[in-house]
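Two complexes are shown next, each including subunit A; its partner changes from subunit B in the first to subunit C in the second.
Up next, the complex of A and B:
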């Protein structure tokens, strides 16, 4: 590993220079897809960029003490961990850069959701607290399935290293795992059937209710970066292995785009579920498949 | 004006986020405001987003003739909207208190309490007039920036106050 490739991956591709415009692009695709599904024209291409810059120029209410400091810190922590997660994706089959493994990526992907929970409670608004409680319940539900799916993929391929996973040919069990991850993504990204924590009408956008200006801009950005990281993870696991980086990178981008489109269409076609229905869905319906995947992996490992 | 200010001006004009507040309205204007976001009128093309929290909003849309109970709430919510901000009064009620004039339960019109930038008269106004009013408010917001609103500026009035649609399709349906 040398320093220049490491820096290039963190700052250029797939790091910040790629990830921030990609985050805005995915946010636009999400809104545009919903608009097209509803028979509208939808926002212009630059809309997430306009929103971001406008939010940077707004004032924020003055908050004193440790609570105010914490409220400033959570969105920054969320953005930096989401950006780190994007930088770990092994898009370029490199000999250098970050040798990211799956466990680190999962931890970084989990940080924004924890920040949202903490942010809701530190805003001390009743709506923020309800939103945080919902987010906590939701993350307990989907994470069991999500982690079991990741473990089953790693166990079936005998490695936790992302780079190795991207290079190995996919087994049928890996597809089962990818499917389970896809089922968890709408909850992870707070998309419509599971958009409970940030419900706009019921609880006034939940944990974000007290955020304004640049802090809100950071939350928007971290949501976009989560889009890039989460879809990138699925694209990494699902993409065919190509040695030439200039073919691998467009395949990665196209696969991510397809997943964003799929999730947006799902979001526009469904209505928000109640919290108990959501929890039941993950614990009763999808957990079975995750357990099936991991038990079959363990069984095959014992046999071989 | 340097580059950053020009960029900020464009972005403020192109991304108005609304917070909708009812100060004792009959719900007619509220329905029309929501109708302006539906597929037929699609205000999202201008970057309009209806937000759940006043903290996220740039433009405060107020309907209703301002009842006594609503005055405190209006001032609280106006304070909660972070600057730069603009106010759009939707319907004839917030502008003149309409048919409820001289009622002892009212404390209107709206510009007695907070500075109003754009009035959209009509009972209820048409969704296209509301969109025009929001676009006008976004323009005012972008030009004004962080400066406070001018106290005795001439109010902007948008739309003709018409409550019937001018398009040919509607004339066929309602002769």
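Up next, the complex of A and C:
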């Protein structure tokens, strides 16, 4: 991949030009689906876009003692890394990629969460700090099973290249991994029952409490991009391999859409769990997944 | 490291302004301080400047949720000072409105508890149901919040067709038994947020003197509708649900069971409603000098009014109100000790606090 194609992928497709509308679309789908399940009408189609534009037009009041530059930097860093993660997704077959891009994707997916933690602490609000602490604890617990799942998928198919993974036929271990990643997604996207860091009834909105105006718009955008990247990753791993791009792309979008719907149903059907229950849940998941992964590897070794 | 987290006076978890200063060690609460008085309106003083007709309309505005309970208690106290007895039909209508109000208050509380657990779908379901209860109240009184049903010696409006109201109540009962109660009692996430948290032991409940559903969920079987019947409660058959555990789940269960008992009382009151007058027919009242008290089981517990009058005066000399939240509130401190920070909004809400009544 040369510089020009890399830039094109980052800025045009599947990067910003595709990813930003997709982010707004996914945010709308989630809000609308939850609203319909709760007996409400829900927002109009363009609402996430309107929210973004409206927030961009506001000025943030200056606050004493809060580092202005850092507060502005965290959301921008989150947006750019989430956009980078989306750009790495092999939406179109034979769209390039390089050995090890899966590892880069994972790293980029992790940056927004770290930005949220840092932003909560740099906002110097007690609610922000508690939210950040919760986010940190949550990220330590779900990331173990998340990384374990991805590493075992990659190791079982002997490649860390996303496109190669997408083209290989799926093994049982891969389905197990996809399931484990799905279990982690609500926590990664701060959805119920794991919406602890941004629990508004407990700590207002946690790390975001001091944010307003364009910076908040950036956070919203990075959240939307995280949706696209995370659901896209699952769709990449779960989609059947098709060589024709005009069939592959709709399958990819339909799968992402289905995952968004699935997560929305889960979010609207559950109450928020407390932090210790959440941590216990994810460590139990880790344990179960580790046992299943190792036994499936042993089983495959014995068979071959 | 311990730090102080202010909860309130304005907080998404609070319906009304009050403040809870939580001293936390990490995510664990080690102490709590309660501040009230953000909603003081001087209603007790205003009551002394109103005549016996106006004071009823004034006291109806003490609380937006249990408005009927306040006028009912006040009218009962004033009936004690004028030696009037409401006719049987009026007493039945008082029971119907009071029980509908209990339904609406409990469903509203269930919705708020669900919201505090982060369970917004349940919140919407509860508020939809509450809307239907309010429709019944509107069908009876023409009003949704301040029903103005009570007067000295009876009620202002008749329930002309009790059987039509009964149909609405039965539809409500079926929907509650189908949605709210099973979800609250069986949902795993809801149970994990409620079971074993905010425990108020039986001993502590007695020493704090808590009332209403909070007392009943700590194993104290007190209910004024049984212990000191007023209106037509002595002619109704119903149970008082009591749970021994004293945690948030027990409070949830007590209120859920009370919803079903309220429906049972409503069914009896609407089918057995005797014909007759709505009130004694007096337009002018002669009060005797003295103090009269009246107690009523409000949705949140015992409400007590103490009304003093001087003979020949049109205005009360003193109207004193004691609301259930005033006695239940100090128990919050004991409930949140050692609790997780995430649970404190739910724990403080589990007593169903009403600070506009308490501050008045």
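Going forward, the second predicted complex is superposed on the first by the 274 of 304 C-alpha atoms of A that agree within 3 Å, B and C clash if a C-alpha of one lies under 4 Å from a C-alpha of the other, contacts with A are read in each partner's own complex, and residues count from 1 in each chain.
Here, a residue touches a chain if its C-beta (ideal position, glycine included) is under 8 Å from a C-beta of that chain, and two chains touch if they have at least 3 such contacts.
This one's a predicted model, so the numbers in the text were calculated from it and none came from an experiment.
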First (subunit B), second (subunit C), both or neither touched by A:31: first
First (subunit B), second (subunit C), both or neither touched by A:193: second
Which of subunit B and subunit C A:43 touches, first, second, both or neither: first
Partner chain(s) touched by A:284 [first = subunit B, second = subunit C, both, neither]: neither
Subunit B versus subunit C as contact partner of A:54, first or second or both or neither: first
Subunit B versus subunit C as contact partner of A:209, first or second or both or neither: first
Subunit B versus subunit C as contact partner of A:271, first or second or both or neither: second
Partner chain in contact with A:130 - subunit B first, subunit C second, else both or neither: second
Residues of subunit A at both interfaces, subunit B in one complex, subunit C in the other: 38-40, 199-201, 203-204
Complex interface listing, subunit A residues touching subunit B: 31, 35, 38-44, 46-47, 49-51, 53-54, 57-61, 199-201, 203-205, 208-213, 216
Subunit C contact footprint on subunit A (complex, rising order): 34, 37-40, 126-127, 130, 192-193, 195-196, 199-204, 268-277
In the complex, subunit C residues that touch subunit A: 3, 5, 11-13, 27, 114-122, 124-125, 128, 187, 189-190, 192-193, 340-345
Complex interface listing, subunit B residues touching subunit A: 7-8, 10-12, 14-15, 17, 38-39, 42, 44-45, 47, 50-53, 55-56, 58, 80, 82-84, 146
